[in-house]
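Sharing a structure here in structure tokens format.
By letter and in written order, the chains are A, B, C, D and E; residue numbering begins at 1 in each of them.
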Amino acid sequence: MNKPKIKLILTLLLIIFIIPSTSLSQERNIAVSIPPIGSITKYIVGDLWKISVLLPSNTNPHLFEPTPQIMKELEKAKIVVINGKDVDLWAKKLADSAQKDTLVLSDYLKIKEENPHFWLDPILAKDIANIIYKKVSSIDPSNKNYYLKNLNKFNKQIDELNKYIIKELSIFKNKEIIAYHPSFYYFFKRYNIKVLSYIEEGEGKEPSLKKISEIIRLIKSKNIKYIIKEPFINTPTLGTIQKETKVKIVDMDPIGYNKDYFELIKENVKILKEIFYEQNR
Amino acid sequence: MEIFAYSFTQRALIAGFLISIISSIIGLYLIYRRMTFMSAGISHAVFGGLSIGYLLGINMTLTAIVFTILLIWSIPYIVKRSKLQQEIPVGIFYSSSMALGALLLSFHKGYTTDLFSFLFGSILSVKEEDLILTLLFTIGILVFFIKNYWKIIFIIFDKETAEASGLNVYKLERWILTLTGIAIVLTSKLVGIILSSALIIIPAATVIPFIKDIKKSVFATISLNLISIFSGLIFSYYFNIPTGATIVMVATIFFLSSLFIKKPTNH
Amino acid sequence: MEIFAYSFTQRALIAGFLISIISSIIGLYLIYRRMTFMSAGISHAVFGGLSIGYLLGINMTLTAIVFTILLIWSIPYIVKRSKLQQEIPVGIFYSSSMALGALLLSFHKGYTTDLFSFLFGSILSVKEEDLILTLLFTIGILVFFIKNYWKIIFIIFDKETAEASGLNVYKLERWILTLTGIAIVLTSKLVGIILSSALIIIPAATVIPFIKDIKKSVFATISLNLISIFSGLIFSYYFNIPTGATIVMVATIFFLSSLFIKKPTNH
Amino acid sequence: MNKIVEIKNLYHRYDQDLILENVNMEVLEGEFLAIIGPNGAGKSTLLKIIVGIIKPLKGIVKVFNKDVQSLKEERKWIGYVPQKPDLEKYLPLKVKDIVALGRRVVNNWQKLTYYDFEIMDKVMEDMEIKSIEDKIYGELSGGQQQRVLIARALAQEPKLLILDEPTVGIDVKTQNKFYTLLRDLKKQNKSIILVSHDIGIISKEVDRLACINRKLYLHGCPEEIQIHGALKELYGENFLLLTHKEE
Amino acid sequence: MNKIVEIKNLYHRYDQDLILENVNMEVLEGEFLAIIGPNGAGKSTLLKIIVGIIKPLKGIVKVFNKDVQSLKEERKWIGYVPQKPDLEKYLPLKVKDIVALGRRVVNNWQKLTYYDFEIMDKVMEDMEIKSIEDKIYGELSGGQQQRVLIARALAQEPKLLILDEPTVGIDVKTQNKFYTLLRDLKKQNKSIILVSHDIGIISKEVDRLACINRKLYLHGCPEEIQIHGALKELYGENFLLLTHKEE
């Protein structure tokens, strides 16, 4: 039974090699790893480029699997924009395998820390926009002015956002917080929000017994009412802490599927305000 | 000790005590039955059930348990039809349930909570309800294994003759598999996949080469489990390191050191 | 077909072809050697090695491979010292390496990367260099298994007499274990943990009950592997679902259907 | 007398080959039947069918006047010593634990009584394993292991004893004791089916002899002449028949 | 004549008990030695020590005039049939594949030559398994399996043949053929060590007899009287000795 089958397989393989790789239109397609980067890119390139966001809905190491659709988007793309560091290591791998022109943002940002969640700091988002601007203009110099105009507009909007955040948050005297995962690390630093503790300091780290007892002590002594976590996180440790302290858990979304960047930030600012309101009462 | 002033460490200790009993019994059974990897296999296979529950919006824990029990029940059937070793269906479910889960989840657009974290329990986050449930289950498993002790031994030792002597091997094995499955899902949910697999295998594997008396080895395994949990808790507190991982490392160190001790029989 | 116009699908097919050969050989060996879970065990154990590399700042892939090979080499030693079944050390490494990793990472203050993503492979994202490496390894493993075919058979069938007849069982088994370990790490890195475990176990388990001739079953397993990969690719393309998971499901469906086909020997 | 085992028109095949073809046979209460035949004749298969482990292709198999597949409680009365048992040697069971398994089968898995221990002691002494009762089964010599399995079957005090080459690997002295024991059991009206290649001993001890090689060639009393004819048919040519004589 | 096996002051223990105590023994070229003794006497242990699978506690064991633990190439010349081999029955090996393993050992794992096939055919015919050469080992009857293992050892054309109760489960006809074969091998100057409980046959066939029960009780020619004395010592009391006579 095996001989005919082997022949069949060999012929199939032959056919595949013979088919010339049809050159796919790579004109003005950008693939980005995660939605917020996509949103920022959109502000720069306008409608000149088609943007596709790669992030699959579930990136658990056991399950991570790009669909052929994602690979097609990637294959079509002229540039792949990747945040870098830990968040989208998978995208880096995919882009490398497709031998694409990849733009890894973390390589250009002058940040020494390991934490990869830069995009949530509006001021760093300016840098991100600038890096993307430079890249697209180098590839498509004919539209350089258009991109520059967009960049300036984006920067202005960010300045407004920055002012808005400062204004909204300045009314609170006590801005202390406990967060599960350090995704808003840069944001909190920027706006002088004091993080009493991150429960989990990086992927795959189980909080220790001591850490949990410290958190409990902190919550009790500092009258903390909320712990911030990401919507996709679901860990029993928080249940334990909640049980000891009656603290509430709120979600702050760092990614924002199909959300505009400014909306995403404002939404989170609103949540923070409510937390501070409660904690300053 | 300061460490036991918290109610969650107290609960951890009680949970540790109950889980020691469950995992020692299950662990010894699985090793003698040559199904060491049952625990790793089942705890991953649960994922398929979780994702069905998640997609259909029904109670995930329940769906997962029903799904897992169905898988487990199919093991003797598959073994009978294919004459393969028992571990092979478990190995197949290990990957295919995860693939099923990944496939189902891919139909769900947007965020999906990390379903695996369902099984990322932690001994530090045991709830009171969990304790009661675990206590009941521990009693159940104890009663079952004590009552059927010699029948189980007969089946493991010589399945064919056990059947010839009128034992309902099929029914009994299905019961054992069911209890094993529930035990694995329960302990994984309580203390996480890694710690649960570790407590099931490592102390039993440490004890078996030394103690040539099954009943005595149950007690020895329980003690070793308890010692690992207890010292793991204390170390993890004073060195400020993750508790589950510390417990596993303590158990592993016991195992590795045991290799250098002379066994009663050597040839 | 449109689907094979993309270079990534072409690479996927070639990788699939090579991995079919590797996993079929390793899979049949592991099943007959009663080490079905080797693949799940090793792909998790890699985590320990990765974290050592990460902490010391040395090449992670290299550290992981060295770590894994050391673990694998210790298996025969542990079996000899403890008289336990071979799978037990693998089961112990499964949990203890992950715990070791978690523990080591906890000493690293600040943000740590998700080391598991080391094994985040996907058959769609295979690189050209990977293909060359895999091709070389496939040739290596083929040569080794063809050259030592009967010796390996003798050792599996009757280890004691093989030793008595002058075979260096210990050395040969160490070689096989080493190759198996490298194969598992390599294929996991290339196509991910789930798909790699699935391709190793499922097609081999489907073929074994039907074909009572080891050499023929190698060819049948390779074909089944290829058919699963090929049709999995096509389905996943047209239904836009994750490729690896689809391949696993196709292989699982073959296995499940095979249960209903009459086997040559039935009693 | 009661028919303990009754087989009618029995057929069995494993793959393509018919292993048993139209076998008809019966064992009465208190009867000692020996089954002989060359290797691969289907003797072990026949015993497994009688015990109920293998379901035959076709035919009627009655044990204790019931279809063997429908036996429940009555299974306790069958003591079986398989030819090549597939045992889990890793399990550290003591000799006495294994013998006790035979007892537990009949006392419905209750706590062992004084009476149970008496019987266990008796069979262990009979099989000369009393002195090693605390040893682990897996660490015994081949012959010692075989004795333990016989003792387990005997401990059941079975009405029907099914023995598949039980004396394999057992030393001469214990073999003699064993056959004496079988004679005693027969006197207690127990039925015995024995497969063995030791034609010499068999012809001396048994009531009836069945010569099998796929078909049943002979089923009757072991008169010397009859045996010789059957053996010739069975093994194809006349060969040196070794018979045993008491010195 | 050459000493093929030479054992001096051999001691061995498994746990606490001494299993072999001060055993001294030798086997010459072309000699047929039988070892007898009750179950648990240490016979299989002694054979495993001679084959080199077990390292003894103390003593000198020389095979082909070298320390057995240091044998390399010479191991090919030893054919070994274990008493209870621990085989992987799941592996679907054909009878001829298993017999070929014996051949491959001696031809250094090269491709089998015409000569190799001839020898395989001969031993398979001798053990009457030629007709089942394409069957899967795991699906054979007990006696057929045992014949295959003997054929594997014979296929090695060993200078030293070590047989641990090889005729177990084998039917009378093939047993006879087997002993004839051993006689032929002896004529070809091969050395044979045989453990068996079949004292009748042994006393007829062998050159020398070793009676073992922890210690070596007797090591000499099997004269009837001598045997009787030794057996008495060995098995404790005088028992019905069954001897075989040709009819």
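We take it that a contact is a pair of C-beta atoms (placed from the backbone, for glycine too) under 8 Å apart; a residue touches a chain by one contact, two chains touch by 3 or more.
None of these values were measured; they are calculated from a predicted model.
Peer 1: Could you work out how many touching-chain steps separate subunit A from subunit B at minimum?
Peer 2: 1
Peer 1: What chain pair has the highest count of contacting C-beta pairs?
Peer 2: B-C
Peer 1: Can you give the whole-Å distance between the Cα centres of subunit C and subunit E?
Peer 2: Computed from C-alpha means, the inter-chain centre distance equals 41 Å.
Peer 1: If you average the CA atoms of subunit A and of subunit E, how far apart do the two points sit, in angstrom?
Peer 2: 73
Peer 1: In whole angstrom, what separates the CA-based centres of subunit B and subunit C?
Peer 2: 24
Peer 1: At which residue positions does subunit B touch at least two other chains?
Peer 2: Each of 34, 44, 85, 98, 102, 106, 240-242, 244-245, 265 in subunit B touches at least two other chains.
Peer 1: In subunit D, what residues contact two or more other chains?
Peer 2: 14-15, 90, 139
Peer 1: Which positions in subunit A are in touch with at least two other chains?
Peer 2: 56, 62-63, 65, 67, 205-206, 208
Peer 1: Can you list the residues on subunit E that touch subunit D in the complex?
Peer 2: Against subunit D, subunit E makes touches at 14-15, 37-41, 43-44, 83-84, 132, 139-145, 147, 165, 168-176, 197, 199-201, 235-236, 239-247.
Peer 1: Can you name the residues of subunit A that touch subunit C in the complex?
Peer 2: 1-2, 5-6, 9, 12-13, 15-17, 19, 21-22, 24, 56, 61-69, 71-72, 74-75, 85-86, 89-90, 93-94, 96-99, 113-116, 182, 201-206, 208
Peer 1: Mind listing the subunit B positions that touch subunit A in their complex?
Peer 2: Of all residues in subunit B, those touching subunit A are 3, 6-9, 44, 47, 98, 101-102, 105-106, 108-118, 120-122, 124-127, 233, 236-237, 240-245.
Peer 1: Which residues, counting only subunit A, touch subunit B once they are in their complex?
Peer 2: Listed in rising order, the residues of subunit A that touch subunit B are 56-58, 60, 62-63, 65, 67, 205-213, 216, 231-240, 243-244, 255, 257.
Peer 1: Quick one: which bits of subunit C touch subunit B in the complex? Just the residue numbers, please.
Peer 2: Residue list for subunit C touching subunit B: 31, 34, 36-37, 40-41, 44, 78, 81-85, 87-88, 90-92, 94-96, 98-100, 102-103, 106-107, 194-195, 197-198, 201-202, 205, 208-209, 241-242, 244-246, 248-249, 251-252, 255, 258-260, 263, 265.
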